[in-house]
Amino acid sequence: MSQTTTRYLAHLTWPEIAALDKEEGVVILPIGAVEQHGPHLPTLTDTLIVTHLLDVALARLPAEVRAWALPSLNYGKSNEHSGFPGTVSLSNATLNAVLHDIAGSVASAGFRRLALINGHGGNVAVLEAAARDIRAATGLLCFCIQPSFLVEPPFAISEQERRLGFHAGEVETSLILAIAPDLVHMERALAHYARFPDTGTPLFFFGPTMTAWLSRDWSESGVFGDATLGTAEKGSALIESAADRLATLLTAISRFELPARTKGS
Amino acid sequence: MSQTTTRYLAHLTWPEIAALDKEEGVVILPIGAVEQHGPHLPTLTDTLIVTHLLDVALARLPAEVRAWALPSLNYGKSNEHSGFPGTVSLSNATLNAVLHDIAGSVASAGFRRLALINGHGGNVAVLEAAARDIRAATGLLCFCIQPSFLVEPPFAISEQERRLGFHAGEVETSLILAIAPDLVHMERALAHYARFPDTGTPLFFFGPTMTAWLSRDWSESGVFGDATLGTAEKGSALIESAADRLATLLTAISRFELPARTKGS
Amino acid sequence: MSQTTTRYLAHLTWPEIAALDKEEGVVILPIGAVEQHGPHLPTLTDTLIVTHLLDVALARLPAEVRAWALPSLNYGKSNEHSGFPGTVSLSNATLNAVLHDIAGSVASAGFRRLALINGHGGNVAVLEAAARDIRAATGLLCFCIQPSFLVEPPFAISEQERRLGFHAGEVETSLILAIAPDLVHMERALAHYARFPDTGTPLFFFGPTMTAWLSRDWSESGVFGDATLGTAEKGSALIESAADRLATLLTAISRFELPARTKGS
Amino acid sequence: MSQTTTRYLAHLTWPEIAALDKEEGVVILPIGAVEQHGPHLPTLTDTLIVTHLLDVALARLPAEVRAWALPSLNYGKSNEHSGFPGTVSLSNATLNAVLHDIAGSVASAGFRRLALINGHGGNVAVLEAAARDIRAATGLLCFCIQPSFLVEPPFAISEQERRLGFHAGEVETSLILAIAPDLVHMERALAHYARFPDTGTPLFFFGPTMTAWLSRDWSESGVFGDATLGTAEKGSALIESAADRLATLLTAISRFELPARTKGS
Amino acid sequence: MSQTTTRYLAHLTWPEIAALDKEEGVVILPIGAVEQHGPHLPTLTDTLIVTHLLDVALARLPAEVRAWALPSLNYGKSNEHSGFPGTVSLSNATLNAVLHDIAGSVASAGFRRLALINGHGGNVAVLEAAARDIRAATGLLCFCIQPSFLVEPPFAISEQERRLGFHAGEVETSLILAIAPDLVHMERALAHYARFPDTGTPLFFFGPTMTAWLSRDWSESGVFGDATLGTAEKGSALIESAADRLATLLTAISRFELPARTKGS
Amino acid sequence: MSQTTTRYLAHLTWPEIAALDKEEGVVILPIGAVEQHGPHLPTLTDTLIVTHLLDVALARLPAEVRAWALPSLNYGKSNEHSGFPGTVSLSNATLNAVLHDIAGSVASAGFRRLALINGHGGNVAVLEAAARDIRAATGLLCFCIQPSFLVEPPFAISEQERRLGFHAGEVETSLILAIAPDLVHMERALAHYARFPDTGTPLFFFGPTMTAWLSRDWSESGVFGDATLGTAEKGSALIESAADRLATLLTAISRFELPARTKGS
């Protein structure tokens, strides 16, 4: 395979990058995290998931789709997991600075689209705000993809797990069992559902009326969900469907254009 | 009425504030925006909505609920509306700095809870990230409330409007018609639905796979939605239901406590 | 009254703002503070004064004067009053950032003049430095107005009060008695004159040889001056004369032009 | 003379500095500027004046007064003179950072008082704000001295010069003629009075209602005042009286203490 | 192999990291770059080299040596290669922020030593300054290792190449031929020696009297050196000797202790 | 001597600076430090050395060499000497900001070359990174000169002193004895060689495998080296040779030009 057709931008030489047709095409930045994931999962969990998912999706892209992944940003904003040794967190300001520096370099190379693909919930708000600022500052069309929300789990999942299993629970445990089983300690897997007070209102961890939470406020183990339900099979099935979805998205993004401005509808 | 029972914190003297029982109770910071809202609505729209809604909700709180509003932050992050004269925007970093400074002052006064109530979509991501950082930095329990998502409109609304009417459309026009009718120019109201490309994917303006947008990319007038559908009646009905919901929320938040940490469920 | 002739910029729509003739005219940003004002005045005192004074002055402007007020910045730099619950302070860097962001938005809308009207002594130095930087960075003609120094009190005032009554004393108490009497607790008003050491030099709280002071260094109550001398009559008289002065100033500023550069005199 | 009795702190060794009795005493930071001063004065003018004046004052201090000068900060905030080659300006943020870093070091050495003595008008507002912040952040008693305002010129000076001769005019030219006559080119001295519009209001370059100015807005030569009136005699007389005043001030400051807090007067 | 004995810190769970004996031991952060490396090498070159070298060295460490690698920081400060598409650079401030955030997290986990191992010349000065600041701010013993200077090339190398072959020349080309031969395009390899002027002084690109350079100032291709001399054999030999040296270093660092403070020698 | 031919840029007026032929020529910024130098040397040592050395070198420059020194930056980054009273340190960020502000002013005046001449080891890395950033940001050719590495001591020096005598030892003591003998207390001079552990590797205080050190980690007195060996004769000899070298360097730098870009060699 010619290097020029690689999906990994940094595997190219600079003249190859200069010569790319950039009218179509998207540069992709995978962003992970290094943070506690309970007593059974590695702290690298989020980075492992996002980079693996992207690798699978890239391999499925039709040859004519123009999409190139940047090296991963292995660290994210994880201060909600501070207090657990092994969590390594960038601040909001630092993560913003990194994103702006990378985006500025991408724009100056002549690319027109940048997709941020994110493996960690704690990065979501930062990326959304940064994406808009990147669009305004550089002119890049900028996209945010949160793969954890891409697809419904293709297996039965309890309502409790769906609602409260958002960190190191059934889904993430399954994914790492599929991606890096040697790094999982199922013998230490446990279940913990945070006792969010029933206030009779939509107040919750997430959503339009949310409470800002630290994991140590709610879970001694760092687990939110039932990790014992994780299986490699569930993980593989989820990767399969999410990677398909991601490939479709990257295809769409790579050709995305703004409409001509028009009045009314 | 005794000043001590006012809902407006800055109407109190410092010894009154020092004497407040702060074990329960929430300090509320309303955050608006000054930005283009089409040819028919004032640029102050978001600030008008959030402060009015808060005023109505505060008036409905039972006397025993401990909740005090700070003076509004009248400016937000509005760079998605740059290019339209009259838009006044704080940067991401500036808005974060303001929120951290205010939260630090609230914490140093001995309060335990801070609720950010937000009138502008462009502030959402910034507030979410800031709320978590405020919790980590100050120990405050910190809450984000986005009133625009609080309730379903208590009137029939088209699917197109629900999806694409997110700025200066039927809902916001109705609200300002109810709150400040003299500031609305219905004769200039128009309808514009942004032509978001049909990509066959969940890619959209918002959500887990989003494109970062500037309003000028998609709407010459700055309107997203059908402003001609706005009526004061719809606005009043919406305020009525949203204020009820908000009052319930503030009540819940004012008494919110973390659980003792426990293993498993 | 046509909206286009309102004095409140954010009451206009963006096309109205775009259409304003900006060759003449001044945009006005009122800046207050939320900080302790002794046991008898609300912490909102400075914001109340500056916005009220501006409202009165705007109402007196001849119709042909082009002047538009922005929504108030309700918070200022008040760290000299830290340690008193209820003081909410922006840092020097934060306040600068806010002013630069707002000024940048004003300049990008095509306006030529920006007046900062300030209700709080602790903001003065910050605004002076920022105004110069705004002029250099944006090209705006930028003006600073400190209304507390605008006019001589139109009533007899003791030398001691004139010198040491600079915070929550006779003048500020009178003003709030005139503006928002329900928020004043005259029964708790007291007199305190800070015992500034007599050094036989011009060293003082203010002026060219000044000591940087925190209010808690000098006053247990937070009062500097004799609050018991405050009356609504004095307040009204002061507002009357200050608003006239302010209206004259805004008129002059709205037409202010730089001279052509010339050698010698 | 023993080194321990030197007035120049950085001439001491660290154990000598550690051994100083710091209960009384003041550390002094002279701050100048490098900026255009017309066609006849060196750009170093402000630094030359402030360091010379301080040297003379220090030499006059009684032996028992505890006062130690730091090395000068030769650069200030001079962006009002941008556009004239030779102006070297620190930004507001940079100058603040330098002052905070130096003050932090002074406080950590155990000193209790810091006096900022300033030779440049463009630094005044920055220093005032910084001094307050230094007091709040470090606990140092912090003082600002603007020598240009210390004394009345001990010679006849016209009203026009007093009002409009604030940069490179009679006073500054006289001072440099006294301090560094070889650096003055009296053959190029000229007079320029800025044509500030007569607005019938107190609006002016300085004071409570001021316009933010750049020197290039108002003077092609960079001169504000009548430089041709400068003489070494005037300069020497001014230094004489200002140094006396400064010595008196430093003496007072070196012993300055806060009062115990007391109620009322 | 037990996960606890892995050399990759983020492969551990948080309780495993909490349980590590940290009295001895070093956490290692590999730092690379994404930047032009001529027409024949991938832009990922520096990251490939540093992570590969570290992997080899870690595999050679005796079991009793306590050393754990963090996930790589794939981006560095590369603005000296700006202007070549594909260069992605963090600013000085951003890279400092990232390093401080990571170091703070490492220190808060209870580790005592942090080693920065760097694959890119443009990072050297930033890391040196940051390492000292990290030591001062966190108490960590902090080390900087520049592998490119670790060993003499174990093969004959010309004086010209040694002096001027510092980027994409014989050494780096050999290393990538050994590490990732598929990413090298030897058919495009070329030789370029920058024509540094002969000034008869020690002035050079590097060293105590250096000129700050951008690669585009000196090389159209981005190559500095003779890439045609690169061979996989040379690369393997260099990796062999450098990894040995690195393993020895990491062993020494993992046990490094400060002396008790003593007077004299 | 005509002022225009002075070597001190700030002794010129702005029109003189505007009129300088800047095609050739270098502006020089001397940067020192205020920090502990043991019990026998003043904290001003580094600033004294660099400014004196520069003065001597400037006096030796041929008249046709175009070189102008800026006023010294008397403070540097000295946090490695924190904990010793009298150390006054700028942070990394602050020093960078100062350098960028000064460089920006130099570039805007039309100069083409800036040389940073540095008297303090703790500044080296900061200046190297800043110099590159200045070149990239301003277009200035920017040079870093570390005089302490300029020449071999022209007198016998022990291997131990050469290696471990890097602060307040034989060399620096000799230099201050030559420059400012009144400020040296030879009766308190002492010898201390830090006991750097013998790790059998090239790990050291400096160099490609370095440990970040604080002086208090290694020396109670702050001395690194044998100060008792210092003599004014050694200092004078060193100044003599270093100043010659510096003059040669400044001459070369003042004429330094980039080559036209060329392919290959």
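A, B, C, D, E and F are the chain letters, set down in written order, and residue numbers restart from 1 in every chain.
Keep this in mind: a contact is a pair of C-beta atoms (placed from the backbone, for glycine too) under 8 Å apart; a residue touches a chain by one contact, two chains touch by 3 or more.
This structure is a prediction, so every number in the text was calculated from the model and none was measured.
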item: Identity of the chain that, by mean CA position, is farthest from subunit E; value: C
item: Chain whose average C-alpha position is farthest from subunit B's own; value: F
item: Angle of the C-alpha superposing rotation, subunit C to subunit E, to the nearest 5 degrees; value: 180
item: Distance from the mean Cα position of subunit E to that of subunit B, given in whole angstrom; value: 48
item: Separation of subunit B from subunit C, taking each centre as the mean of its C-alpha atoms, in whole Å; value: 28
item: Rounded Å distance, subunit A centre to subunit D centre (Cα mean); value: 55
item: Per-residue overlap in subunit A, given as positions that touch at least 2 other chains; value: 82, 91, 93
item: Arrangement of touching chains [line / ring / star / complete / other]; value: ring
item: Circular arrangement of chains, read from subunit E onward through subunit F; value: E, F, D, C, B, A
item: Parts of subunit D lying in touch with subunit F, wherever the complex brings them together; value: 3, 8-18, 34, 36-44, 47, 70-75, 82, 84-91, 93-94, 97-98, 101-102, 105-106, 108-110, 182-183, 185, 188, 222
item: Sites on subunit B touched by subunit A in the complex; value: 77, 79-80, 82, 91-93, 96, 122, 124-126, 128-136, 141-146, 148-150, 190-195, 197, 199-203, 207-214, 216-221, 245, 248-249, 252-253, 256-259, 261-265
